[in-house]
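Everything below concerns the one structure shown next.
Order as written gives the chain letters A, B, C and D; numbering starts at 1 within each chain.
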Amino acid sequence: MSDVTTPPAVLRLDAVSKSFGSNRAVRGVSLSIQPGQVIGLIGENGAGKSTLLKILSGNYRHDEGTIAVNGREVQFRGPADALRAGIGVVHQEQSLFTNLTIAENIEVNTPIGRGGVNRLGLYNWRRLYADAAQALDLIGSHLNPKTRVSDLSFVDRQMVEIARAIRVSAASHTTPLVILDEPTAILERTETAILEREISKLRDIGSVIFVSHRLDEVMRICDRVVVMRDGELIADRSVDDVTEEELFRLMVGRETHAAVRNRRSIEPATKPVISIQDLTRAGSYTDVSIDAYPGRVLAILGTSGSGREAVARAIFGAEGFDSGSVSIAGYSGRPSIKKAVALGVGYVPAERKTEGMVGEMPADQNITLTHPGSAAIGPFELPRRRLSLARLWFEKLDIRPREPEHMLQDFSGGNQQKVVLAKWLNSSDLKALVLDHPLRGLDPGAAETVNAQIRSVCDDGTAIILIPDTIDEALDIADDIVVMRDGRISGVFDLGHDNPATLDLLERML
Amino acid sequence: MTKIESETTKIDRETTKLAVPVRAKFQSVKRIGGWHAIGPIVIFVAILVVVAILTPAFIGGGGLAIIASSSAPILLLALGQAMVLNVGSIDLSNAAIGLLGAILLALTLGPVAGLSPLIVLLATTAFGAVNGLIVAYAQVPSFALTLGTLGIFQAVALVASGRTTVYVSSNGEGIHALYESGIANVPLTFWMGVLVAVSLWVLLRYTRIGRGMTAIGKNESAAIFSAVRTRSLKVLAFALSGFCAGLAGIAIIAQAGSASPTGLGSDLLLPAIAAALIGGTSISGGVVNPLTVIFGALTVALVPIATTAVGIDAQAQSLVYGAVIIAVVALTMSRNKASIVK
Amino acid sequence: MVHNALSKQSAVGIDTTAIRIRESVIERRARFRGLAEPLSLLMALAVLIVVFSLLNERFLTTSNFQNVLTQSAIPLIVAVGATLVILLGSIDLSVEGVMGATGMTWILLSANSRGGVDLGPWAWVIALGVALVLGVASGLIFTALKVPSFIVTLGMWYVGLGIATMLYGTDLLPRLEDEGLKGWTSRISFGLPNSFWVALLVIGLGILVLRSTRIGRVTLAIGNSETIVRSAGLPAFRVKVAVFAIAALLSGLGGILATVQLDIGSPTVGSGVLFIVIPAVVIGGTHLGGGKGGILRTVLGVFLLTILNNGLILSGVESSYQSAVTGAILVAAIVFAAWSQRDRLRVAK
Amino acid sequence: GCTSTAGGVAAGSTGPIAKEDLVLVASVINTTNPYFIANIEGAKALSKKLDIPLEIIDSQGSSQTEISKIQAILAQGKKVVMFVNTVASSDTPTIVDAVKRAGGYVSIWWNKPDNFEPWDSGDNFVAFQKHPGVDSGRCNAKAIGDALGGKGNVIMFPGVQDSTTSQTRVAGFEAEMRENYPGIKILENQPSNWDPQLANQNAKDLIAKYGDEINGVWSADDGMQLGAIQAFDDAGLLDKVKFASDGLYPDTVELMKKGYGNNAIVGETFHRGYMASAIGLYTAYLAATGEIVPSELPKEKRTSFFDIKCVTPDTLDEYLKYDTPTAAADFVDKLVETGPWDTEPATLIGGGGPEVLPKP
């Protein structure tokens, strides 16, 4: 791409390919990255981004092509080689040791004889903590390095991962290359802001490959954007000569679909499907009252720590509360997941991998796990019908590849999310659907499909309670918006007649 | 919305289309079972062939029936254990429950005759269910809990038996017939195990209960969030383990006509777990095939018999037994490069 | 679709007080939890000691104290290794076999009543070498062939026992001839039995390894997630083999000490140790899934079981009921420990 | 269809079998205990003497293993002459049944159900044989009682709780003490499962419990006694305590010769594993070859008790000759000469039914 030989590219890929069986996940990707560049890597779910990055981090070995780091050709036999070459990675999947402290996680790759590990291989804990604190400080986090990771929220964990990646890069003597695979997917906007600032700073010391499905973010942070589709690198643009719409088209192969939602007002006689009254859980939320109506999307906004997730889980019966009541379709007895589901509530959790899906089960079995629908007669399952039922959902939600008999863990994130959604949609009597960050990790095209599906369910009379990733997502789809701050409701808007500006909402959140 | 669908289907991928036939073929191989499923059978047959070549008289003299009959209690316990392993737990007390069942059966066959097996099965199922209830509702690790209840059941067995061998005083003929008569020269106790295996296979493969159990073993959190009745199913798994242990107790009485706290059946815990694992059950949960467990149990029973039949020196038999058990699992394990084994 | 929110948001400024508050809550909760579990074990231990000393005044005497320490020494040594293995998420059932093989090798190469060679210190080296070979074999089969540790070590139990049986042959029981070694384990030095001093040393080293070395930390990391360990480029393979080797070495040391304690060599010198060691690790609160727990907790677990056993005998509980009482106390203890942590979403395997 | 199972086709067998078709089989509980090693030694000596091949079965302490290994040998169609030291008494009916089907001949040693007698099972179950436990217990009790001068406190280490061998020995010991040594008090018994390690630990705990109140220690076998002695040695109490046990293991002989402790071991009963196996196998051999017809034998030759000798340090020397390298072969030579019931020192002293326990 560039003929300039000095300085050598931090990273140069030449016709790199990788197949899983017959599935060619990465095909002939050539790319070169100069020092001080932030490259945005975008593409649909399953386009091969993570696979490419895992090749760079030594987790996969590529089948063809060459990789050169700082002008020297390299062969990574394992992740250790990549680390030595100065490539620090934040994987798409959470990859911290939850039983260890923050410091250990950050310093886990510190070579013997350096930093907090002396030449005998013994740890110097004080040094370790100090180094980790320093690394955290770099990204504006003041977490105590002695804290165990299991005690951290998503956000904090992500900060630790990024601190580790930066530390790994900085520890080698080469120009560091930091790879961030969707680091912002699970972050709230406030944290994203911190992260964006830090990535910009990294320009001065090395280069960054940054994967995100949030195109606006990519436009802001990156110098260059490369687009992958079907394993191929199909475009490589400077951010200055490209628009978000163009990127969208490149990724998905069609124009954005800007649906404007026709908002309905609540008919006087309608009763709420879910009604929570003065719900309180010490240390999490206080006196929360929310009504969710059939055929309406209710979005709860709030920053991390606002307690909105805990409220959502309380509705689904997954977490207890101290006082108040949750009433679902008139029932307000002792809440439990089984009761909630029996009453027609569904829940798409934010932690898809651990709570939303059974990865080692085929997709069709996941779909029919809760509501078998026609795939079971009484206690007996009918594998054939299960498969054809799943095929139907695969078509309807455009889940790819169309192989419902495959293990769910082998699908890309976006497609997994669609399967999780299908699990609830398969109910014949879905009264309410609680969605906790349902678009997390979905490419914009997939996000649209999912959103369209949510709308369609909603139009069929299901109440939706949505915890969106962004304010815009809420404005885009919601009929009602509830804003929470520090465990209390700080604002309620009916988008049928209110028309809050983004800033209004933001002020109530912070 | 319809617009989206038509558009997205248009850009269906080339890869997908290419991939389908190849994958479908791979799937069909898998459906037959793959090495994972046929491995235990192949290994069992292989060892058997070696034994047959070295000592043809053994196989000719009804060796298969001997292997089958001595594997019966192991098989029954292994099947129960496999059900518990499938939900991600372990039951260290099931062999003790089985022996207690045998002692209870020996004690009650005389007085209540035909009702006795029913009572015993009810009791052992209840014992298993109690394990399950505590595991599910107190949320304690099953390993520790069943280790504790193991001690309790052992003591109960000791006390119930009056610290001596308990003989079936009367009405033992019916039970004994399970061992005495058979199909294809193999005693009914073994076929009882096969029947249970087939039933459990149907349960796991064709019912929602089985699907739920497997989901628990693979990802309990996700199962909870999918409204799978995780607690009831765990209790059920342990109850099934107790039930199978009761059947094992019946098999023991059928064979020996008596039971004692240190006699036949008192040392079946580890062999039964080994049988479940050799039969392809995953110790971390979510993977089980009761049908291959049959061959796991047969293999576990075969190895010591084979070492004797082949004429390996008595003092070396332990060593050979250990080495063969490791080798068998090493050969039957289905594994891929990235898999994590604990 | 075009967002301008962020630039505005930056203008609003990032309020981090909420984050700070959360961080301090996290810290406080973590600190309390770190103490809570061992505390309940210590409480259970205290209750047992009080009850037993009320039942028999001899329970709380120096000589019984030393007796308990002697009896706990060998399980303690073996349990340090078992804890490491369980922290990996694996299990080591080979303990008794390794003890037998090592003990037999050692006594046959030391001055013993059967005669033969007396290699002196080399007997220790060779015997522990046997343990090491068995441990490395377990480790390699486990890691390279991916056979579950449960099966590998079950097989290795029989292999060790087989080696011991073959070494034992058909001759007389080998008796220790070295007068200095006879009864060494229970002799008292500086107030504590010698074998307990050895156990203390092993525990100290174990804690050092676990807390402050690469092997220890990677062990914990593997227990948490081996996938992540591998993708982080950490030496999972070597560490796993090393842990099995360490565990076998400690079992071997236990086997030699048990041989000294009994004064005679026997292939079954380790009998019963496994069923103290594994429960002790579990009662101590080390998770069988790996990653969580520690050596000091295991030490408490061993003490709990040894004291329980000793106390039951001293308070005259009929021997038929001893296993039931032990079992019931075990069940009560774990239910008690888990009760406060019950949560509908908690997963206990 | 339903058919009869469990191996053999032949149901019972009468009539003599040619010697060339025979194979001797000795089944022992484990191969890590001096007593069972001696069992094997005796079987080997007889095999050599009779020139018949021998197979050894190691039950590895498991009834299941024992039974299936026996069946494995039977399945090969050989005509077996078998000696089984059963793991548990409940194994006997199954083993007998299997041997009967295969047309072999078996003698069972030590453990069998009381109500399962050879004469009820036909000729293939040739005999049940043992050394009487009550005699053993009484013998030990006398030794301790006399050594303590009729006064003192004793602790006991029985074997596995449900073992009749251990139970009869305990009964004999307690009866003797009750009847003839009223001044001796039995403080406690702690079953130690025939395990030296466990006996060692239990002894340590009882030392902690009773301290120097303990004057005498009885164990149901010498293995456990070795563990117990070591515990008392460690506690520095060996000089003050008297021990007695069953079996007179060669190791015990050494300790007695040395006067270990202050002549700590005061009494033993003498019998040897090689005698048991040789007697058992030879009885079965005679039946197999038709030299005896079991059903024509008197009951005490079917359920037989063989003599054990009470040994004290003074009489120890008389028994050293039974531990020479050629002792087993010598015994077998005599056995073949005098028959299974009359070979010194293990002569037939009774039987014909279950051992009668003294009234409590």
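Here is the rule we use: a residue touches a chain if its C-beta (ideal position, glycine included) is under 8 Å from a C-beta of that chain, and two chains touch if they have at least 3 such contacts.
Since this is a predicted model, take the numbers as computed values, not measurements.
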Legend entry - Of C-D and B-D, pair with higher C-beta contact tally: B-D
Inset, instruction - Can you check how far apart chain C and chain D are, centre to centre, with Cα atoms defining each centre and the answer in Å? - result: 38
Inset, instruction - Round to the nearest whole Å and give the separation of the Cα centres of chain A and chain D. - result: 72
Legend entry - Whole-Å separation of chain centres (CA-atom averages), chain A against chain C: 40
Legend entry - Where chain B touches two or more other chains at once, by residue number: 158, 163, 221, 224, 315, 317-318
Inset, instruction - Give the residues of chain C that touch two or more other chains, as numbers and ranges in rising order. - result: 165, 168, 320, 344-345
Legend entry - Where chain A touches two or more other chains at once, by residue number: 318, 337
Inset, instruction - Go through the chains and record each pair that touches. - result: A-B, A-C, B-C, B-D, C-D
Legend entry - Touch list for chain D against partner chain C, complex: 30-32, 34, 37, 40-41, 161, 188-191, 195-198, 200-202, 204-211, 226-227, 230, 233-235, 249-251, 254
Legend entry - chain D residues within the chain B interface of the complex: 1-8, 28, 31, 40, 55-58, 60-65, 67-69, 71-78, 87-91, 93-94, 113, 115-116, 160-164, 167
Inset, instruction - Name, in rising order, each residue of chain A that touches chain C in their complex. - result: 57-59, 78-83, 91, 95-100, 104, 108-109, 112, 117, 121-123, 125, 142-144, 147-148, 151-153, 156, 189-190, 192-194, 196, 215-217, 220, 244-245, 248, 256, 258, 283, 303-305, 317-320, 336-337, 470-472, 486, 502-503, 506-507, 510
Inset, instruction - Enumerate the contact residues on chain C facing chain A in the complex. - result: 1-6, 8-10, 12, 14-15, 18-23, 25-27, 29-30, 208, 211-214, 217, 220-221, 223-225, 228-235, 291-292, 344-345
Legend entry - For the chain A and chain B complex, residues of the former touching the latter: 21-24, 230-231, 252-254, 257, 316, 318, 337-338, 340-342, 347, 349, 354-361, 365, 369-370, 372, 376, 379-381, 383, 395-396, 398, 400-403, 405-406, 423, 445, 448-449, 452, 455-456
